[in-house]
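After this come two complexes, each holding subunit A, first together with subunit B and then together with subunit C.
Let's turn to the complex of A and B:
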């Protein structure tokens, strides 16, 4: 008898794009459905819950608050601490809980992605702590995490120059596509998360895994810009509608 | 005066004066926080919906003594920073040995921000006739961003509550409210404040408060 716990080994589909349509029915430049909600946690100063396709992520912001341990504090600006963590049940096969090499790296690059917009000099000797918990993962979690963290920071009332929006692009079956899902990420040729400040066009995070030619890279970056613009509109809509909802009650 | 909801990075206008919650890039003024933009003539400021209290010189605060050192009291002032109250800024001249007799750990005081030394060292003083040690009544925490709503235009909301409930109320800038009166009335005031917190920025707050008080008084 076959055990229930036995893993199904996923096989690579023959083709990931058939007649310009992807496995889940999207076009090449289409994004999975996104739902963002701000202010979902009572105890946090700012929070945000995002559902991006099958990704489910919650971001919480605490601070500005006193720095513990004290030696980490900076005299003339606030420090920012970003913790990206994936729950043990977030992926198909149970993941060992706690920080690992991957999540430490993502925490670092995500922190650097949101740092340029924060006006840290307004809160010297304090810290702003961002916690991003991935409850369910389906590729593109670091981009979704940055998107959620940026909304949570705004919700916390922290002074910032702009919002940061992020999305991943990649190459699947030799074609540049926007917003990869799990299968496309696993069996595709390249994956490139991009975070940017949409209004100024500044790129704050750019990583790449796989191989792209120069032309493909430029095409991917253009596509990411388009995607980020779309994400930014959703972020703005989420923040503005939250206030309106409260006001109309 | 117009009000609208803005997010960080929203362009508020060109060649205008930016107040709190804004930043400038060239001659353009942008919003720095998520909140409500208020425009008066040529000036614009953004009022936050949430956020932590950042001490300003001259503010009156309610602080709780957390530590006593050889020359000062350290106060929790509901902000990312501690407040320092030096021996010389006490009401009267006292000896170092008597510090813990005059103001014990856990006691609550109304203090004024004397000055802020860079980087963010908050010095407090009690040399102001509004400053006092609080030994009666109740202190409740409210979100810092709701303080202007509780006070109301020119103190209208707070005066209405004071008149209707016969309580002594002091709203401190750092998001703490001191209430003194009969037990029942204190409960009622706390109830009113919680209602105001939920209301956000609706316009008919005074009507709602009057209704709430009348409902309670009938009981």
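Let's turn to the complex of A and C:
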């Protein structure tokens, strides 16, 4: 089965930003095209499909429903289970199916990113299950996953105080840029996914990989704020348009 | 699935009341660490080791090195593998079994700081380009969990690395054993939010009372080389810069302290 011939390793482009323009033609604060739709699945209580650049991600919500195994139940609130999973074919080199250490960590921080907006106390002893499937990955999957999960939760009618919006910022060729794509993520200097409750200005996810100075961090945080606002508007629009459709049917 | 630490309501209220008055349960200032004790090289069989106590939190880090294959995309660089075990003797809430999400997150934060700051000179760990490089295993054993495992583990890991020697002779490489080449000493600092105040080095009760924690890893130059928000709470975006500033300062102090211990050990 195993051949000696290995996949060619992608080489780092000489420059990732030329004259202020990124390889895919974007400006530093420009977000990749996003398509998002709520209620795309039949069985799930709520769902959302998002295409963000080349990312293709489905989020589905089940619940509130009975918790199995029972010992996970909490007496006064619902528990959330968040499963971030990546398809084996989502990346260049086939990944082994199933959870790895990276996806276990992402599942944990993503759950913690959406939990602050959910009114879990309304559903004691039950669970709300969020499944995020990355069908194709193009950097920023955890941010796209949280964005989609948030819409799917709203679509499922789970009582929420607000939506959570997420985006990734980072440093590429020494410059702070918004919404890194795969090349920029692979060959960039830093990557910082951020999730926010836009209305209150609260950060619910903050991670950083790579090196940033304090000033660069401040610049990145500002960009992330703007980015999350943009994402929030898209999420809101997507939910409104779903109900418009329902009304006209 | 491990059970959770339970904090009584009365204790939680007490912690909050104190914090509102600018005090903490053990009398520390908001930006004060518990007593830190660093022991270098307690495990002779390991290439490098360190036992770090922050207050009564106790972590043992061991560094083992082996020759292995490099990753295809970095044929001339050594490999770092970080693992953490929350062993059941350290807390009633830890259970035997494969690492859970907390153990994985802990190991990945420690790893992030070491990788992000380029702390280990990986280019010097190439034995035969494309074929043989040194694999560095950083294994963290949590021995006693009394809060702030992240800082204790990171400190133990970096101390163990500073203490490590490349075992050339053991592997038949025609060179004397030499100190592991390091580029930087990243320092991890964690603060927890209680009633809108951020306190450094939360002890277990404070950690259980807190809504959210922010871990910030800084390099010797005062740059940021890793961050992680943990917990289900939220952080107002305007407070982040202040936490970062305090973390950079705190990192400087802890680094000086660590390097003093390391220097003393080398004489």
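The criterion applied here is as follows: the second predicted complex is superposed on the first by the 242 of 249 C-alpha atoms of A that agree within 3 Å, B and C clash if a C-alpha of one lies under 4 Å from a C-alpha of the other, contacts with A are read in each partner's own complex, and residues count from 1 in each chain.
Just so we're on the same page, contacts are C-beta pairs under 8 Å (C-beta built on N, C-alpha and C of every residue); 3 or more make two chains touch, one makes a residue touch a chain.
Just so it is clear, the structure is predicted and the values come from calculations on it, not from any experiment.
With both structures placed on the common chain, the touch criterion links A:211 to subunit C but leaves subunit B unconnected. Once chain A of one complex is fitted onto chain A of the other, the partner contacts of A:134 are absent, as it touches neither subunit B nor subunit C. After overlaying the two complexes on the shared chain, residue contacts for A:112 are found with subunit C alone; subunit B is out of touch. Once chain A of one complex is fitted onto chain A of the other, the partner contacts of A:167 are absent, as it touches neither subunit B nor subunit C. Looking at the shared chain after the overlay, A:156 reaches subunit B, while subunit C stays out of its contact range. In the superposition on the C-alpha atoms of chain A, the part of subunit A touched by subunit B in one complex and by subunit C in the other spans residues 197. Looking at the complex, you find that subunit C touches subunit A at residues 1, 72-73, 101-102, 104-105, 107-108, 112, 116-117, 214, 219, 222-238, 240-241, 244-245, 248.
Across the complex, subunit B meets subunit A through its residues 5, 7-9, 21, 23, 30, 32-36, 48-52, 54, 80-82, 118-120, 145, 200-202. Looking at the complex, you find that subunit A touches subunit B at residues 45-46, 63-66, 75-76, 117, 119, 122-126, 154-163, 197, 199, 235-236, 239-240, 243-244, 246-247. By the touch criterion given at the top, residues 6, 9, 71-72, 101-102, 104-105, 107-109, 111-112, 115-116, 192, 196-197, 200-214, 217-218, 221, 225 of subunit A touch subunit C in their complex.
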